[in-house]
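I've put the structures underneath this note.
Two complexes come next, and they have one chain in common, chain A, joined by chain B in the first and chain C in the second.
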Partner chain A sequence: MSLEATAVTSGYGEMQVLWGIDLSVADDEAVVLLGANGAGKTTLLRTVVGLLPLRSGEIRFLGERVDHLRADQRVQRGMSFMSETGVFPDLSIEDNLRLGGYGLARPVVAASLERTWEMFPQLRPRRREPAGALSGGQRKILGVARALVREPRLLVMDEPSSGLSPLFVNELVDLLQGVRAHSSVTLLLAEQNVTFLGLADRAYVIEGGRTRFEGTVADFERSADIREAFFGLSSHDPAP
Partner chain B sequence: MPSPAVAGTGAATTAGAATPAPGTRPGARRWAAWAAYVVVIPVLLYLTPHVYNNQLLLLNLVVYLVLAQGVNVIYGFTGYLPFGYVGFFGAGAYGTSMAVIHLHTGGTVAVLIGAVVSTAMAVVLLPLLRLTGAYFALASLAASQAVYLVIANPSLTSFTKGPYGVDLSRVFNPNLAYLYAAILLAVATAVVVYLRNSAFGLSLRAVRADPLTASVAGINVARARGIAWLASAVLAGLAGGISAWVTSVFYPETVFAINISVFAIVFALFGGVGSVLGPVFGGIILYSLYEYIGVSSPQYFQFAYGLLIVILMLFLPGGLASVARAARSLWERTGGRVHRRA
Partner chain C sequence: MLFGYALIAGVLFGLFYAFMSTGLNLLFGVLRLVNLAHGDIVVFGAYVAYSLSSMAGLNPLLAIPITIVPALAFGVLLYYGTVPRLNRSQDTEMASLILFFGVSQVLEAVATFAYGNNQASLSPTTFGGPINILGEHVPATWVVCGLLSIPALVVLFVYLYRSRLGMATRAVMASREEAAAAGINTRRVAALAFGIGVAFAAASGALTIFMLGGVNPSTGSELVLTAFTVVVIGSLGNPIGTVVGGLLYGLVFTFTKTYSPSWADIVPYLLMLVVLLVRPTGILGRRVRSA
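And then the complex of A and B:
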């Protein structure tokens, strides 16, 4: 099991956001967390990667407890996190990618960068430009590229679709599908956009800091009430 | 917007990959330039007393250049503005003095002990890094003044000589001290060169820009900041020790004067924090100006430098270095040299 979170509670200051969520992601699986704004998706991801302290429950990664570790230690163990913003706008594209490999040996980073340029050729000629000069969509690409530099075992992404046009969302989904097809990375995404179900094996629906639905994507397609209640999809809409 | 290449389709290595990368890594020439900055300026300053016979003034200049580089390390790379930076300078000066007076060491060992004392002070003050912005600036100032008040306390006279000041004339050796100061400037500049070119320096810039994103890039944020803080404290402690050694007879208020912080900060800001040479040139220009016309009416200079800090922060946060960079890129764009970026 890649990630196993049990009875997670978490929040900000006095405000508790998560009320005992169980979440598991198997090796090589892709899992999408769906839910409205404020449902607790981002809080859950931030707790998983260590940006928020766990209040109770436990988090295991690759079989080991990690909830006492700092975010950077979890990253060193093979998690990678792409936040909604994702990049350092003032640093150059290349420096952003180098930071993705922070702590790895120099030759490893160099090889990884070479692989990244091949994978994302549109970034290469602009490597010296600040990441802030990229369009929103290109920044997402850079964010994905940076998260992949260290060849993570688990890639956690928060709302990769935010701020993207529908066209770009499709391209991002294709990109992630390509990544999955050619490497053994486990994906955990939080999304409002159901397009991402297309690359997922399983889905969770989170509401008010609790799990409302958990099951395979096929199960999700069949549960008409969930689809209607949360995403306004009527039961005869085609599967996304 | 060109469509992103899907990973692993195999056809990815088209135009982009074939483009030769114009000097992505600092090439040999760039390294030679860095080495020259590290070596040449301190050597020139070391030789200057043969031309301009005022070694004490020049030593003060070199000490200020070291302090400006120290501010560069902590402010330029982590964004923490240390108004109490003088605290490390004073701790180094008094650590050195205590070593000479109580341990009967020579000057060299005493200066090193001074650096140990200032580093210890920085370790104790590490929790200040939890504060940000103006809160950090004020808290560091308060900490430096607290140390000053303890040292100047008359009831500690038997140990620190309290407000009556110390006398180090037993170990007076200005030529050796000046040599050390020049070496220290080379070390301080080398530290900045390292930060400009290393993965660690890059991680500091990431922490400065966005600590949360930096931590999920695998950077231990507290450790990175702490190392920069300690490095800047070591530089200030050594500078304080050397300065004390040469000044020989001084009082607590001499080495804990807030002016010292203000000068170091304004020199670094004026020259440009985050750059290698900015603080050096900023310091040379402004300190010369100060010595030339400021000594007769220092109160106006304090006012002018305070004002300069505000103006620089608001309108020219990159200092002279950013002006130089802008001028160079303008030169390159307007036909000085045809240099098109793809």
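And then the complex of A and C:
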């Protein structure tokens, strides 16, 4: 099991957001967390990667408890997190990628950078420009590239589609499909956009900090009430 | 030639102001805290230079290598002793202002104990008589101190832009959370930045005693204002902005001092106000494309 979170509660200050969520992601699996704004998706991801303290419950990564570890320690153990922003806008594209490999040996980072330039040739000529000069779609691509520099075992992404046009969303989904085909990275992403179900094996629907649905993508498509209640998709719509 | 003199003095003072202020900006950039004790740390360095020269008969500039390591250690300890606690308080900004004001008062009191309230100064001919630059006779102390600021700033830039820890420091400045998610131990990086900021402040003290003509225990409160002005003019949180802000401050200061001396203590602050009104992010403040 790549990730196993049990009875997770978490929140900000006085406000509790998560009320005992169980979440598991198997090795090489892709899991999508769906839910409306404010459902607790981001809070769950931030708790998983260690940016928010866990209040109760436990989080295991690759079989070991990690909930006492800081975010940077979890990252060094093989988690990679791509936030909604995904990049450091003020820093150059190259610095962004180098930061993706922070803590790795220099030759490893150099080799990884070389691979990244091959994979995303459009970034190379602009390597000295600040990441903030890229368009929204290109920034997401840089964010994915940055998250992959350290060849993580688990890639956690928060709303990769936010701010993107539908065309770019499809491009991003294709990119992630490609990444999965070429490496054995496990994916956990939070989304409002059901397009991402196309690359997922299983889905969770989160509402009010609790799990409302959990199952395979096929199960999700069969459960008409969930589809309708959360995504306004009637049973006559084609499967997302 | 008043103009040439003001220009040369302005650049020399500007370089010094940039060096003297840069620690404050580094600290703000990384921690979003204003170190109100910054000026007192500068004055501490100035007193070390004063003691070396007047009591031991040594070169006062030896204060720079002598203070760096203890100041760095003091900064790191001050960080671990205060900042994690501050972060747990309800209102971190306010609590930190009050706390560093307290540190400032303590340092000022210690300086008064040790040196009294009188002005401590060193001979303006410590480095020889006036130096002829393009026909202008400029005090040697200004030339030495202005030029010494250049390697100090270069060292900081090499650290920030050519080393891995420096890159991590810039990442923490940009977004602490994003930096943690990139695998950076943000607390360690911040502690080191705090130490470096304090070390730079202390090191610049040896120059301050010459550039200001002397220091006394309350000089620190004036210096933190000057440093804050320099940093705001350039751009809060942007290290290169400090150099721009320092040079502008230095030039504006020496030109008003030359042409209308009674305004010299006001005009640099007016400049800060104008910058804040016209370009609140500072001259080098960058706006990020939001699409």
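What we mean here is this: the second predicted complex is superposed on the first by the 240 of 240 C-alpha atoms of A that agree within 3 Å, B and C clash if a C-alpha of one lies under 4 Å from a C-alpha of the other, contacts with A are read in each partner's own complex, and residues count from 1 in each chain.
Here is the rule we use: a contact is a pair of C-beta atoms (placed from the backbone, for glycine too) under 8 Å apart; a residue touches a chain by one contact, two chains touch by 3 or more.
Since this is a predicted model, take the numbers as computed values, not measurements.
Chain B and chain C, once both complexes are superposed via chain A, clash.
Shared-chain residue A:P121: touches chain B; no touch with chain C. Shared-chain residue A:E171: touches chain B; no touch with chain C.
Look at A:F88: by the touch rule set out above, it reaches both chain B and chain C. By the touch criterion defined above, A:G132 lies against chain C but remains apart from chain B after alignment on the C-alpha atoms of chain A. The wider contact with chain A, measured as residues touched, comes from B rather than the other of chain B and chain C. Touch criterion not met for A:P53: it reaches neither chain B nor chain C.
Residue contacts after overlaying the shared chain place A:A181 against chain B, while chain C stays out of touching range. When both structures are laid over each other on chain A, chain C collides with chain B only at 128-136; the other stretches in 2-10, 20-28 or 128-136 stay clear.
Once the two complexes are overlaid on chain A, the chain A residues touched by chain B in the first and by chain C in the second are 49-51, 70-72, 75-76, 81, 83, 85, 88-91, 95, 98-100, 102-103, 135, 146, 150. Taken together, the chain A residues at the contact with chain C in this complex read 49-51, 70-72, 75-76, 81, 83, 85, 88-91, 95, 98-100, 102-103, 130, 132-133, 135-136, 146, 150, 163.
Per the touch definition, chain B reaches chain A in the complex via residues 1-9, 12-17, 19, 21, 24, 199, 202-203, 205-206, 209-210, 212-221, 341-342.
Interface residues of chain A, counted against chain B in their complex, comprise 49-51, 70-73, 75-76, 80-81, 83, 85-91, 94-95, 98-100, 102-103, 106, 109, 117-129, 135, 137-138, 141, 146, 150, 168, 171-172, 174-175, 177-179, 181-183. Interface of chain C with chain A (complex): residues 164, 167-168, 170-171, 174-175, 177-186, 286, 288-289, 291.
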